[in-house]
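All chains are identified by letter, namely A, B, C, D and E, in their written order; residue positions are counted from 1 within each chain.
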Amino acid sequence: MIRIFAVTDDLELIKDIPMDRLSDPNIKWYWVDFDSPAEEEAKLLKTYFNFHPLAIEDCLHFLQRPKLDHYEGYDFFVLHTLNQSSLMPEEVDVFVGHNFIVTFHLTSSVEIGFIQQRLLEDRTILSKGAKYIYYLIMDKIVDGFFPSVYQMEDELNEIEAKDADQNLIEDVYEIRKKLLRLRRTIFPMRELLYRILNSENLIIPKEERIYFMDIYDHLLKLSEMIESNREMTADIRDSYLSINSDRMNTIMKTLTVMTSVFVPLTFIASIYGMNFEYMPELTWHLGYFGVLTVMLVVGSIMLIGLWIKGWFK
Amino acid sequence: MIRIFAVTDDLELIKDIPMDRLSDPNIKWYWVDFDSPAEEEAKLLKTYFNFHPLAIEDCLHFLQRPKLDHYEGYDFFVLHTLNQSSLMPEEVDVFVGHNFIVTFHLTSSVEIGFIQQRLLEDRTILSKGAKYIYYLIMDKIVDGFFPSVYQMEDELNEIEAKDADQNLIEDVYEIRKKLLRLRRTIFPMRELLYRILNSENLIIPKEERIYFMDIYDHLLKLSEMIESNREMTADIRDSYLSINSDRMNTIMKTLTVMTSVFVPLTFIASIYGMNFEYMPELTWHLGYFGVLTVMLVVGSIMLIGLWIKGWFK
Amino acid sequence: MIRIFAVTDDLELIKDIPMDRLSDPNIKWYWVDFDSPAEEEAKLLKTYFNFHPLAIEDCLHFLQRPKLDHYEGYDFFVLHTLNQSSLMPEEVDVFVGHNFIVTFHLTSSVEIGFIQQRLLEDRTILSKGAKYIYYLIMDKIVDGFFPSVYQMEDELNEIEAKDADQNLIEDVYEIRKKLLRLRRTIFPMRELLYRILNSENLIIPKEERIYFMDIYDHLLKLSEMIESNREMTADIRDSYLSINSDRMNTIMKTLTVMTSVFVPLTFIASIYGMNFEYMPELTWHLGYFGVLTVMLVVGSIMLIGLWIKGWFK
Amino acid sequence: MIRIFAVTDDLELIKDIPMDRLSDPNIKWYWVDFDSPAEEEAKLLKTYFNFHPLAIEDCLHFLQRPKLDHYEGYDFFVLHTLNQSSLMPEEVDVFVGHNFIVTFHLTSSVEIGFIQQRLLEDRTILSKGAKYIYYLIMDKIVDGFFPSVYQMEDELNEIEAKDADQNLIEDVYEIRKKLLRLRRTIFPMRELLYRILNSENLIIPKEERIYFMDIYDHLLKLSEMIESNREMTADIRDSYLSINSDRMNTIMKTLTVMTSVFVPLTFIASIYGMNFEYMPELTWHLGYFGVLTVMLVVGSIMLIGLWIKGWFK
Amino acid sequence: MIRIFAVTDDLELIKDIPMDRLSDPNIKWYWVDFDSPAEEEAKLLKTYFNFHPLAIEDCLHFLQRPKLDHYEGYDFFVLHTLNQSSLMPEEVDVFVGHNFIVTFHLTSSVEIGFIQQRLLEDRTILSKGAKYIYYLIMDKIVDGFFPSVYQMEDELNEIEAKDADQNLIEDVYEIRKKLLRLRRTIFPMRELLYRILNSENLIIPKEERIYFMDIYDHLLKLSEMIESNREMTADIRDSYLSINSDRMNTIMKTLTVMTSVFVPLTFIASIYGMNFEYMPELTWHLGYFGVLTVMLVVGSIMLIGLWIKGWFK
């Protein structure tokens, strides 16, 4: 579907006019949005706008890295939005010329829809031109990264708060995986903003620059939160491993103490359970109590020995 | 609450004058401090001072990264102070113009209060102007980082000094977590100072530069202490894991020796405990002593075998 | 085998003409491809083309790093293609002059073959000259990296989907090894493209530059996928280790509970299995049931003790 | 204590002259050394030399990072010497002007003492001026780092040579800790030398530069040794962990084999140790030998089974 | 021993002429090689050549880092060759002036000997001058690094090919140690080549530059092989640890199953092995078979319980 917004010299907004009227002299600037376009519609990138084949290829083919290319007469941006449920990136392509903006996305985009709604409601935007639309889209996309990153922080805090149980490692692993996914979207976007702010070819006027720096600030903060949380998860995991090894020590000590004490005693008892005809001790009057005393002594020696070696600390 | 300090051309300090008198020609410079301001008060940022909407947004909204923005007529700084109990950052925003400083913080700040006290007591500051107030705030904030970092070093030294017990890993984990928190405040502040010292837009006169370099020195030292202590904790944890694995070896050896020696002996005894009517050995005169001898031999073989394999080292 | 493609001033393509006709004035540009050349053929690099001895050495000797050398009158490139089955690099050497391209490879190359086929079919290439052939080869080689990297992602997703079993670690190890191999080919190729785009000696016209940037984009994306997947595998492995340690804890607890409960009981039973003549308890009427009760109490105490210590959580 | 060395225009060395004679016109250059100065003496930094308050603060307060500050008329250096027993840094502060050097240290310094001794003995130094003294101090300090680093290498070689025993991990941990300490002194000193060599404000003449590069070489080599040794220790520790896990496997196999073989046999024997009145097998003539045969078979099956599963490899 | 090679203006090679004839006007260039020189001979560096004291100190004292120093009239290089058996570096020092080369090494050097042999055999070198000798030495040294690195790759492949046994970890550790040693020689040599290629003071003519770039290529490839192989060893070790932990799980499961099944059964049998006079079950006709049935049920329950919990997977 193609949505067209054109702004006249009188700052009036016209929706869905035919494409060939866009070059009318009284059109101050326009926005053409290719929203999940049909194959036929996508061909307009070539036939109507005459964009560079490499840029069109980037639109139509599989997921590109966020980037910025300078072409004669327009700049071409690949942006990544975040799919909130899968945390995987989705692509929004933007062509920005001096009096037009063309957006292209193979799946529908919440962020683009939101800006179009705002355009209809807030007429002050009309005077600011096509580049300001680009800023609004970018800003909206980056704002959309925050809920997912904050959710990761919350999940991590929950994990920390509750007692370490057997799901902890799997929970930590899931968070690490999600953080890695977020990073794959957010870091290249940060690099793109850095390039936008420092590109020699794309000189942004000083009063606009501050707006893109505001977006860059957000991306820097997001990056730091992601990295910091990944370190946090690594710390949790490493500590858990150490605590587990501590517990294992306790378990094995218990087992070894039980075994070391009772196995020799049971052996002694089993000797006097043998059925030999000639076993002199069996006939001694105090044989039984003597053996019980021996067992008491042996058991005590074992326990004292282990206690001296520090096993009960 | 809004606190106002104005300095007249005669270097007199006037407190809490009405805001509209700040533009009086005999006011040399002034400091307006928004301390946990009410919503109405915060609106003065826009209505009275006419600061840029992006800067005001940074003041009012959630925690920003420390940063420096240049606006027409003033510079805008976001600073982080350290909440001493939670070790989490708190934000202090500062606007510095040629004859004014405006500070803004949503919670009250010990550091700002300290500088205001000093302003009242030390009249030599009055001649140095608004920028010097900014330096004093910054210096005070960074000095406030040291106690927490030193405390981490002390806790780490304590952990090292005492014997490794079961709480060690949890203590180390807590210190690592706190160091990570300190890092999240201190590293971005260090980056901010670096930008202040190297920004092309914010040319600091040479004699002032040395003061900011002194703060930067402190931040460099804090950074190194944090990183070095984190490495230290990683070393402690890794060594503890190895030592634990050593202990486990000792425990399991003990268990295996006990089992290897006594299980075969008990088995032999249990054979002669069977109640078969026809068991020739039982009637032998020396059967009992023969079996005891066999047990002695078997037990000795087991012990010697394990000793040869180096299990008793 | 040597394959020769020459393009005349009339943009006609001539195949396999004798080498000495390449300097004919009506030859606009030509491509000489040394495909697994015999020793005699390889000598033509020296005798016919008079290339620099160091470049020829790089062609003939063992695997070089991808690189770019500037010689008088031509540039020399070493490229790496990926052997799809072994994932090891294979070398393609390219000499590019103003009106010629010479390719050299000791084993036959799918990519080179593909471009030759395209040259025969798509006559529009003929007008674009020798440098465009170089771009086509490079682009084809880098496109050939994607299937292997995507396959790694697929294998990793499969591993994640299925339950952790004993082959998991070996599968993860194999993937890590393959990713390391891919990295050894792809990272130096990315560095080469970076050098091509930023070399001072090799000034690429702006309209060609965009084509090489397109290849560089691909290599950046491949690099990120490889690094991200290696981190993913490290996370899987580390989590598996932790889960394994959890399982071990469960196993050892089971063992220790069984032992702690039954070993004392069996010891008690073995006492009354002894055959001493004088054992007063044996003649008591309720001796047997008394012992059973004692056993019940001892066993219950053991179980309750372990339950209190949290072993059954 | 303050030590004063003054050199006259005739290159004569005068010791311990009163401070006010230092400005005599016939004094070519002088060195004032504040060795663990009393509070009164330290005030001379302000009252006599009029050094910048920030530099004086750096002298008097706690340990600074090694650094270089340029002030009007003199450069200020903070240097770190190594306390040979604790491996902790100690601070030596140096002010260097065109005709003077002032050194300041709160504890006495072996290195400073050595250079003073050399000054008294080697009169050729007198003609080289105050800056050369600074070079000599720096060189002596860095030479003092080598013994400690070499000792670490020696200790590491010893650890490698002897058999792995239970102290190994603690020894490795101690070495890692000491290397970390050495790094905290040596790395910032290396950074300082780098700044001295590359500072724009401190232009060193070419013939002096080679001397500071010689010191920088030493610091580079020390840095590499430290990093390399830390990697070595990490390798030793990781390998030890793996070897320990191997040993544990062997121990547990032994335990499991013993248990798997004897526990079923003992169970069989215990069945025929029961005292039931009606147990037909007990009266069979070959019952006893039959059970022994069954035990032999069961034991063999267990052993063969484990052997097939590869437990005896 | 000192070896002298002088080349006359007629490109004749004269060996072992007295040193004072080296300044003869008909000597085009010469090479003086100090091969394990006696103390007296080493003094010639000062007395005859008048080299800088710092350079002479670097020759005579302990192992330096590879480096490049510019002195008036000559460049001074410290190179590292590899001792093939110990894999430790050995030092070769080189002074290169416009018409001479002086080499200095405290132990005899295979590489230097090889170049001297080539000088005698290949007269074309004579016309190329002293600098070319320097290139030949450097090239020969770096070629000498390859066999050791290839051997590491081979050893690593062997380790991978054979089954994991108990020596694996020690083999991996040995390879890691050797790779670390190789790195200590090769990385600083790579840095040196980088400095040679990019030094502002040492401007290499373009046609010579390509030769040094060829050496740099080799060093880059060697560096990548070393790093890649170290990562490979880390992967092998980490995987081995995981596999070992898997095996341990299997062993412990076996032990726990055996214990869990037989210990309760043996306990039951031991109850009826007690010798109480009044034990009613003993006189029941089906007591024996009843107990056997109970044992079968208890054993089956244990096995089924463990099977349900997934222990036999």
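Quick note on the criterion: contacts are C-beta pairs under 8 Å (C-beta built on N, C-alpha and C of every residue); 3 or more make two chains touch, one makes a residue touch a chain.
Going by UniProt, the chains are A, B, C, D, E = Magnesium transport protein CorA.
Nothing here was measured: the structure is a model prediction, and the numbers come from that model.
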{"item": "Partner chains that chain A and chain C have in common", "value": "none"}
{"item": "Same or different contact residues where chain E meets its copy chain D, judged by the half mark", "value": "different"}
{"item": "Euclidean distance of C-alpha centroids - chain B vs chain D, Å", "value": "24"}
{"item": "Approximate Å spacing (C-alpha centroids) for the pair chain A, chain E", "value": "38"}
{"item": "Shared interface positions of chain E, touching two or more other chains", "value": "241, 245, 248, 252, 255, 259, 263, 266, 270, 273-275, 279"}
{"item": "Chain contact graph, described as a line, ring, star, complete graph or other shape", "value": "ring"}
{"item": "Going round from chain A, first to chain C: chain order", "value": "A, C, E, D, B"}
{"item": "Touch list for chain B against partner chain D, complex", "value": "210-211, 213-214, 217, 220-221, 224, 228, 231-232, 235-236, 238-239, 241-243, 245-246, 248-249, 252-253, 255-256, 259-260, 263-264, 266-267, 270-271, 273-279, 313"}
{"item": "Complex contacts: residues of chain A adjacent to chain C", "value": "52, 54, 64-65, 67, 69, 71, 165-166, 169-170, 172-173, 176-177, 180, 183-184, 188, 237, 240-241, 244-245, 247-248, 251-252, 254-255, 258-259, 262-263, 265-266, 269-270, 272-275, 279, 281-288, 291-292"}
